[in-house]
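Both of the next two complexes hold chain A, though its partner changes from chain B to chain C.
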Partner chain A sequence: MSIGTFDSSNLDAGQKVAVKYFSVAIVLFVAQILFGLLAGIQFIAPDFLYNVLDFNVNRMVHINAMIVWMLFGFIGSVYWLVEDESGVPLVGAKLANLNFWIFTTAVVVVVLVYLFVQVGPGTQSSIWLINEGREYIEAPRWADIGIVVCMLIFFYNVAATFMKGKWSGISGVLVLDLVALAGLYLAGMFFTANISMDQYWWWWVIHLWVEATWEVLVGCIMAWGLMKTLGARRKIVTTWLYIEVALMFGSGILGLGHHYFWIGTPEYWFTIGGFFSALEPIPLVAMVVHAVYDSGVHRFRNGNHPALAWLIAHAFGNFFGAGVWGFMHTLPQINLYTHGTQWTASHGHLAFFGAYATIIIAVMYLAVQKWRGGVWMSGDMPGNGWKWKWSFALLNIGVVGMTVALLIAGYEQSFIERALEGSTWAGYFAGQTQPWFIQGMEWRMLFGWVTAAGIVLLVWDLATIGRGETRTAINPAVSGEPATAAA
Partner chain B sequence: MSTTPWWASEDLWRKWAIWITAFMLVILIFLTFDSVAKITAGSDRVPGYDVINKRIYYTFNAERNMEEPVIGGDAPLFGKMYTPEEAEALVTLGKLTTQAKNCMNCHTLLGNGAYYAPDLTKAWLDQGWGAESVREQLMVSFLMDPTANARTYGTGRRMPQLGITEEEARGVVAFLKWMSAIDTNGFPKGFKPIQQEAMP
Partner chain C sequence: MIDPVAVNDIMAAAIAGALIIMFGATYALLFAFSRLRGQRLLMIGAYLAYGLLAVSVAVLARTLNLEGFWQSVTAVMLVGYFVAPRLIWNLCAGTHPPHGDDNPGTHPNPHSASGGTMQ
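Moving on to the complex of A and B:
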């Protein structure tokens, strides 16, 4: 056990696996932003990399890197807390490591094929080997099967560890949620010529992941994170978690209907999808109240300032990005004009960042703290903690800036293309060539660079925070003044 | 804790979480059976693949207060009438091609995808093709060489060379024709189709 340096003897077996997942997650996070920048440039300069690395490839890598880094972040987070929460060592540490290497190798192969093969002939073999061409789940079928196998191994490891150790409310919800998360992926693993049927089941994966099972998963991580950073009481966080599950699944499962307005599905989805998706922000309000209330009760006294800041950013980002930005265009009367415009891109940017990127970064800060031997990460850090504060500010300002720029472009697009021009291709392009649309794209680019600066600082900070630190962290569970004694 | 009011009890909310989730799932499964039946190819809302042999109109339905596709008389595609099996095979080739060429990461289909290029839901009926009589060939030529036949409408955005063969291009056109006949509840809003002759 040593302090101030990365020493894996500071970690339990699950956490040793977790830091591997986090490392790959960060690399993919950087890739997400890099390919987002390339795609953003192409909106402004369409000849950039034309017929070399086209928009469709950059955009695919942009969104796929995001999905996979978040999955890696979630898996890492669960491995991080599993021994702490179950009270016993991870049952299959070697299996978890093997699984990690297989999963990572598969991801590398998939990305290389995306970049260097890009597209194939219109045959089943293209879908099995190159890419499936379905937004977010472009991974070829062989990789789909690999993902399911890896998720099952991960699930076995987590469930078996809890079965050997003790169960809690958090772990119960977590394990049931993982079953649903892995099972739902199967709904996206078939080909049909029928685009309506294709999208019906595609949304089972996309919506029931990001608007249901992922939300519950981060609810579990949040509950555990508030106990760790603030010393919040288990009974309180568990009760909140159940409330969130009831509200989240109560609104989110039928909220799926807001994707069924225009894909050929019957008109009753207008009512069901509109009503239940309009309720979806409620659990997110509950999460904000919960996080802020707990922080206030504990007077923000906590052992890891960056982690708590990112947890609070998660609570607000989730509420605004997923909740408010989603609600703004979820009713069919509005969605008829906004569906398939930059509105969706605006919502997507703030929601994925606010709901998921933030909380994974929070757990990463908890991870580096312990990896360095449980170092001090409260106030009075060297340099006043400028790196974490600046990366926090740049990433949040960057994403919010992109969100607002895309929203303005989206408003403009809905008005010109849909309301005025009658949704033709000429109408689409009339919208795309409006100066205000173009300005929106330019502002988005600028804030994209701000976001990129933020990730550079974040990576630097995660690699260096706590280095050479000799003080140990405050234990938030113990009341009284912060301990400042040297280790 | 004895001071916890009944409405804040952990036990109560655990039960609520379980029952609400189960109830919503049952409703979703029930609705899924209904919706899947209504969007199976050959239903009222999603026509069979041999609709590619028919003229597809787009008219305003005052009762529903939305535009909807109407299937007209015979209108052979590429001068040919397809059997239901041939039609399905051609649309399947087209759909496979749209996936293998990753169309959805620039375009939207039924409004889903990326926003770099126009929506393809009603591409078959778009005014951009000029006249009904020439659009098939224009579409095939465009798909096979999008650089030479670029249609950028002043944006400078060109579709990349995707190595689409003539057979694949015909499949894509068939797929787009079939997709334009899906009843999308009036999406995209107020769509103004290519000039149509009166319904026979």
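Moving on to the complex of A and C:
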């Protein structure tokens, strides 16, 4: 085992697969921000790249890259922990590697088609080979099927490993969740002529993937991550994982109803969506009380400061992005005006970043630490850890700045376009030309550049942190001073 | 059918919605710290935050024209916010063993430790 250099002999088979997924995830994260910048510029200068890379293409790649990099990040995180959690080597490691290359190649092909083919005739061939035309899940049908197959192979790797090794509370929840991860995607793969029915099933993928299966995945990763970064007790994190799953069943699944307000579904969805959306903040209140309890009752030591900082950012980002920004406009009486405006984009930016990007970055720092031989990543890092601190600050300030700018633009849009002008075409253009909207977009662009600077530093830091370090990490479970590794 | 928020109340409704979550969290935070440190002043602050939460709920209910079923939703929400921190605190105390009861991160599996990050 070597220390201070990237050495795959420091990793188990699952972790070797994981670092591949993390590497692609980072590339796609950069792509997400790059295409976000292009789309942002087009809000200010609509002629920019007109007929070359139109807004609809940039926006599609921006959002699809986000979904896929997070999916790669989650898959990598699960491969990272599976051997540690099961106690046995990964079952089907060769298949897992093959699956990674197939999945990655498919993603590259889909993106190239998005960029260079872009559109096709209104025929089945376009749906199967170019673009399915369904917002957020535009991937052509062959790729849809491929995603489900890749998820099933991933499920096999994880479930077979736990079956061969030992089960735990975390692994049980995780494996059940992977069934839903593959199964729910099927709901977005068939077409119905009735647009209301089509949207009804489409939301199963969009909402239930994100607010059910991804949330539970994050719960499993967070539970494992808290044990590794803070030495939290297994019994406690498992108990809270069960509570989270129960709360998710109680509010997250039927919270789906807040997407059914305006798509032509029956009126009882107002009641269901409103009631369960009102319940959704309860887990966040629970989180606050639990965090205070743990910080006061236990004295934790931490062996990876960047990872812990990103876990804390996750807690705050989830609270503000999903909780505050969500409840602000989730009840139908106000959602009537805000739905689909920049207000929604504001909520989406902070919630996706806060709830998902942060925790994947935290696991990436844990991965880099182990990949370099379990190096020291607490205080007193070379350069005082300026790169991770600046990337952390720039990314958080950038996303929060974009969120506030989009909120201002969204408020103006809701007020002028929706409330005053009644959602007419004239209202749409009146809203888009108001100074508050335009200035909001300009400020969003500025903070977009701040975010871009943050991702550059993040990539640089992940590639260099711990290089040449000779001290080994603190084990948070057992308090102790850093040790200098034997060469 | 729902009665949409009046144009002049859009901002008030949105801010009230955000404040409900903020004051809900402040109430929970101060409640938990008060229990942890045994300080009465913090508990007074917690109830003050809950009072502001109730005001925010009232503003939301008024601006969103909530009636009938919707009023019962707001009532349930107010009760839920009041009891949730207490229930969670009791759950914390019940699920956290006394010091030394078990080992941090200990795996039930005797074959464990194939490479935790910190090892």
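By our rule, the second predicted complex is superposed on the first by the 463 of 487 C-alpha atoms of A that agree within 3 Å, B and C clash if a C-alpha of one lies under 4 Å from a C-alpha of the other, contacts with A are read in each partner's own complex, and residues count from 1 in each chain.
Assume a residue touches a chain if its C-beta (ideal position, glycine included) is under 8 Å from a C-beta of that chain, and two chains touch if they have at least 3 such contacts.
This one's a predicted model, so the numbers in the text were calculated from it and none came from an experiment.
Enquirer: Once the shared chain is lined up, is A:Ala453 touching chain B (first), chain C (second), both, or neither of them?
Expert: Neither partner.
Enquirer: Using the superposition on chain A described above, determine whether A:Val27 touches chain B (first), chain C (second), both, or neither.
Expert: After superposition on chain A, A:Val27 lies in contact with neither partner.
Enquirer: After superposition on the shared chain, which partner residues are touched by A:Phe249: those of chain B (first), chain C (second), both, or neither?
Expert: first
Enquirer: Applying the document's definition of touch, where does A:Gly323 land relative to chain B and chain C: first, second, both, or neither?
Expert: Second partner only.
Enquirer: Classify the contacts of A:Met163 with the two partner chains as first (chain B alone), second (chain C alone), both, or neither.
Expert: After superposing on A, A:Met163 lies clear of both chain B and chain C.
Enquirer: Is A:Tyr293 touching anything from chain B or chain C once the two structures are fitted on A? First, second, both or neither.
Expert: After superposing on A, A:Tyr293 lies in contact with chain C but is clear of chain B.
Enquirer: Looking at A:Leu95, would you say it contacts chain B, chain C, both, or neither? Reply first, second, both or neither.
Expert: neither
Enquirer: A:Met227 contacts which: chain B (first), chain C (second), both, neither?
Expert: It touches chain C, and chain B stays clear.
Enquirer: For A:Asp84 in the superposed arrangement: first (chain B), second (chain C), both or neither?
Expert: In the superposition, A:Asp84 contacts chain C only.
Enquirer: Under the contact rule defined above, give the chain A residues that sit at the interface with chain B and also at the interface with chain C.
Expert: After superposing on chain A, chain A residues 235, 239, 243, 267, 270, 336-337, 419 contact both chain B and chain C.
Enquirer: In the complex of these two chains, what residues of chain B are touching chain A?
Expert: 1, 8-10, 13-14, 16-17, 20-21, 24-25, 27-28, 31-32, 34-36, 38-41, 45-46, 49, 88, 91-106, 108-116, 118-119, 122-123, 126-128, 147, 151-158, 160-165, 168, 171, 175, 179, 182-192
Enquirer: Quick one: which bits of chain A touch chain C in the complex? Just the residue numbers, please.
Expert: Per the touch definition, chain A meets chain C at residues 11-12, 15, 83-89, 165-166, 168, 227-228, 231-236, 239-240, 243, 267, 270-271, 274-275, 278-279, 281-282, 284-286, 288-290, 292-294, 296-297, 303-304, 319, 323-325, 327-334, 336-338, 366-367, 369-370, 374, 411, 414-415, 419-420, 473-477.
Enquirer: Chain B touches which residues of chain A in the complex?
Expert: Listed in rising order, the residues of chain A that touch chain B are 39, 42-43, 46-47, 50-51, 54-57, 59-60, 118-124, 126-127, 130-135, 138, 169, 173, 191-200, 202, 235, 238-239, 242-243, 245-246, 249-250, 253-254, 256-257, 259-270, 272, 336-337, 339-342, 344-345, 413, 418-419, 422-426, 428-430, 432-433.
Enquirer: Over in the complex, which chain C residues touch chain A? Could you list them?
Expert: Touching chain A: residues 1-5, 7, 10-11, 13-15, 17-18, 20-22, 24-25, 28-29, 31-33, 36-37, 60, 64-66, 69-70, 73, 76-77, 80-81, 84-85, 88-89, 91-93, 95-97, 102-119 of chain C.
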